[in-house]
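Order of writing sets the labels: A, B, C and D. Residues in every chain begin at 1.
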Amino acid sequence: MTDLFTTYTGNILQMLLIALGYLTFFAVAGLLLVWLERRIAAFFQLRLGPNRVGPFGLMQTIADALKLVSKELTGTERADKFLYNLAPYFVIITALLALAVLPFSGQIQAFDINIGLFFLTAVSSVGVIGILLGGWSSNNKYALIGAMRSGVQTVSYELSVGLSLLTMVLLTGSLQLSQIIEVQKDGWLIVQGHIPAIIAFMIFMIAGTAETNRAPFDLVEAESELGAGFHTEYSGMKFAYFFLAEFINMFIISAIAVVVFFGGWLSPFGITDSIPWLGVFWFLGKTFLVIFLMMWFRWTFPRLRVDQLLTLEWKYLLPINLFNIVLMAVIIWLNLEIKF
Amino acid sequence: MSYFSDIYKGIKTLFQGMGVTGKYFFHARKEIITQQYPDNKDTLKMFDRFRGEVVMPHDENNEHRCTGCQSCELACPNGSIEIIWDRQVDPETGKKKKMIDKHIYHLSMCTMCGLCIEACPTNAIVWSQEFKHATFNRSELTKILNKPGSKVKKGIED
Amino acid sequence: MITTKIEDRFKTEEYFINMGPQHPATHGVLRLILTIDGEIIKNVEPDLGYIHRSIEKMCERDSYQQIVHLTDRMDYLSAHINNEAVCLVVENALELEVPERVKVIRTILAELTRISSHALWWGVMGMDVGALTTFMYAFRDRELINDIFEETCGARLTMNYNIPGGLMFDIHPNFVKRVKDFIAEFKTKLPEYDTLLTNNVIFQKRTKGVGFLSREDAISFGTSGPVARGSGYSCDVRKHHPYSAYTKMDFKEVLRTAGDTLARYEVRIQEMWESVAMIESLIDNIPEGDYKVATKAVIKLPKGEFYQKVETARGELGVFVISKGDKSPYRLKFRSPGFSNLSALNKMIVGGKIGDLVAVSSTLDLVVPDIDR
Amino acid sequence: MSNQEIQENLTELNLGIVFSEEPAQYLTLTVPKENLHFLMSKLKLVRELSFDYLFCLTGVDWGLELGVVYHLESTTHRHNLVVKVMTSDRENPVFDSVQDIWQTANFHEMEVFDFFGIKFNNHPNLKRLFLPKDWTGYPLRKDYDDPINMIIK
């Protein structure tokens, strides 16, 4: 058995198995998130949400997925067929790529590279190319406007995501995710870094929501303005890929937040440190809390206008962010972190 | 300085907004207003003035109150009521009298304005509270309101 | 040779985009043909008639009682007030004095209609600018009003409760209690509207200074209702040409002078408070009496021309009847508020962005059947 | 200004204005179509009249003639006036547009054109507003006949 895993083919087989495991897990997790979003949205809106298919309507999204699979793939006549078909895969693959480095617990991490955080931000911003491709190749003006907005939005907010994470990297001194969590055994980074960390977290949440194109930054889809934005012309499974990618991206952004600010799989005050596998529970639990926060945003706030989106980034988030890095540096320099 | 107070005020209003939605989320059990329609079929009761459809009540002797005066037909703006009538000999008095043959009601054309029921001098037609009108066949929406073999109640004159 | 003029190298082209007839932001089958340059709107041209039913032509063959129910289908969100307009024009032409009770009940129902319409508008306005939850909250409150209507009038939207000469039947015994319950409930909910949407910084940014309409333009375009009052033009028909119970009632006309989207928004929110106050002052003082005066079965208006305006939730609805003494009008024209308000859209939006268009057309509170008739 | 004063004021203009004798809600006058635009601009611009609010513009088929009825109100003086204009030319009825005086007339005149076929000079964009472009006839005229779509009771 050990032989198998050390050989070259064995390595590939191992990777495939892990990839398959991740795929299955995230297909299910994505569906669960869709269900969660619908349920939570319903509760915010004094409705019940899906409650008919299966217990608590849990099977509803599976039914929807089946429906989407069985649907005809329609498209516009003059679309750029190659790019049009490529776009959804681009989006979903980049979303899945980022999952590789997430540490679910001390042991469960597929790929612990030393530039983990950098890899995450890099990969999660590639997805926008898929959105641009999809919007551009659809031969639909609404889709085109949506795609252009998406380009503007991601380019701007990428900066804030990067800088707010950089602020925290000052504390950890490493980009490797396992290292980042290791540092937090002395207290979660949001506690260690106190004021600048909280500011960084708020900026990260705003920018992260914008990166995933969710309300209040859903200008890319902007239902009341553009119909469905960049995916207006997509149907069936291709649409489902976009849809699923949005939710996986949301999971990733939340997971990054949890790793960088809330101690990843570490339990609060180390209450379950003796049982390492419980880390998965803590990690997912915290992630879902952050996801809930993002859903809360979505179902409360109105949407920004496209120029206000840029004003917010360049006039508010970026200067505050730069100032925040300096503040963090000063705090580290003066040894003002709170450590237990 | 207004730059910072703007940020502060902005964030404050955002949190206040989240407070409202959050309040409903955490009291969802009490506040949810969804009516799960086919499940509450038994308890669902329409208001007694609800305009469901026009019906003609018959008593136990299969007698109705319609004299065939055609007021409702004239009052209807859409032509949803058609009355087929002829003069028959009343067996008791031996006089010829206007009797309805068929009181036809096209539910599919009805706008529920209530003018026919206002116009009826003998209260022969009333609203029922039935609201489940969906059928698979459009012709089922054309209804004959008087039951077969029914006749007008004694003492009802126009 | 490559041109060196910078304008030539960065030349942009305008293009057309169809907003509607099926579009989430146009609330019905309104089609706007936009000329845009990037995101900037250069021109808006409405294309109407997708649900034109020629109600004016139908009125020429219907009796006056029957016309009333057609007006339900114009601006369905203020159906009761439309009904009232036709009834008033007939009553004025016949010089019919309706009982005090009828006037008060009509006014209460009209104000309830206004609240219900504004509440729906608020929900939709929130949805248009992206806050989806407002819609459900608005519907929750509207539902209570609809229940009141259903219990008393028998229908929730197209009520047809007014008839020339009064009301179709008396109010339901529960009416007063239900209205009081609703008012008490609504007073606790209305502040939430402000916390959730009005004060929200994003909403303020989206609406302040957007879609400016000057007072002169507001008058020239014939706008009315909250749209004109947001521009500081005092045009409340209830104040200037009072009818029904408004003649004796004391109420404030809500005016804002900013003329932008936020001003129009505030006017409507404030009008809900005003309506609540009006209902409160009336609900305990419904006079006893008949609920209608007898009219002939076939109403024939005297020869002449009659005009009646009322204030619907959207603005000034005018009914212009030319009668030749028949049982049907010779010509009947509805001057609908939405139609005139829509004509000001181009003026308000040019130079704005697509996102602004949604916000601005939302504060016009367009109901397409009202525009198309 | 009272109706009497308006009447005197307008008679001075010598435009061939005929005031309606029948008792009516508003002061009503009929103006020859050549003088329509001049009268309208006077109504808007003269300070004592300042009819700045055109609240209703109605096309009417009077049987023999086609006409337009303008309902005017002054937002400063709060007085009203009804102006009527008619033409017996049913084939090619033309009036001057008033949309340069009141911008609301732009849409309303399109509506009148759509339903009555009355053309308006100097209108920037006269076209079918509600009906499809290829519609024949003008539905609100009294002689319009459409046996398929019109239900006559």
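Everything below uses one rule, namely that a contact is a pair of C-beta atoms (placed from the backbone, for glycine too) under 8 Å apart; a residue touches a chain by one contact, two chains touch by 3 or more.
Note that the structure is a prediction, hence the values are computed from the model and not measured.
Engineer: Taking mean CA positions as centres, which chain lies farthest from subunit D?
Structural biologist: The most remote chain is A.
Engineer: Which chain has its C-alpha centre closest to the mean of all protein C-alpha atoms shown?
Structural biologist: C
Engineer: Rounded to the nearest whole Å, what is the centre-to-centre distance of subunit B and subunit D, using the mean of the C-alpha atoms as each centre?
Structural biologist: Distance between chain centres: 42 Å.
Engineer: Using Cα averages as centroids, what's the distance between subunit B and subunit C in whole Å?
Structural biologist: Taking the mean C-alpha position of each chain, the two centres sit 26 Å apart.
Engineer: What is the distance, in whole Å, between the centres of subunit A and subunit B, each centre taken as the mean of its C-alpha atoms?
Structural biologist: 52
Engineer: Find every residue in subunit B that makes contact with two or more other chains and list them.
Structural biologist: Correct list: 14, 17, 20-21, 33.
Engineer: What parts of subunit D, by residue number, touch at least two of the other chains?
Structural biologist: Within subunit D, the residues that touch at least two other chains are 153.
Engineer: By the touch rule stated above, which residues of subunit C touch at least two different other chains?
Structural biologist: As it turns out, subunit C has residues touching two or more other chains at 133, 140, 196-197, 200, 202.
Engineer: In the complex, go through subunit A and note every residue touching subunit B.
Structural biologist: 40, 43-48, 296-297, 299-301, 316
Engineer: Looking at the complex, which residues from subunit B come into contact with subunit A?
Structural biologist: So the residues of subunit B touching subunit A come out as 7, 14, 17-18, 20-22, 24-25, 28, 31-34, 36.
Engineer: What does subunit C use to touch subunit B in their complex?
Structural biologist: Subunit C residues touching subunit B: 62, 65-66, 68-70, 72-73, 133, 140, 143, 147, 150-155, 158, 160, 163, 168-169, 172, 192, 195-197, 199-202, 204, 297.
Engineer: Could you pull out which subunit D residues touch subunit C in their complex?
Structural biologist: Listed in rising order, the residues are 22-26, 28, 52-56, 58, 60-61, 69, 71, 75, 78, 82, 102-104, 106-108, 111, 115, 128-132, 139-140, 150, 152-153.
Engineer: Spell out the part of subunit A that touches subunit C in their complex, as residue ranges.
Structural biologist: Of all residues in subunit A, those touching subunit C are 41, 44-47, 141-142, 145, 215-216, 218-219, 222-227, 299-308.
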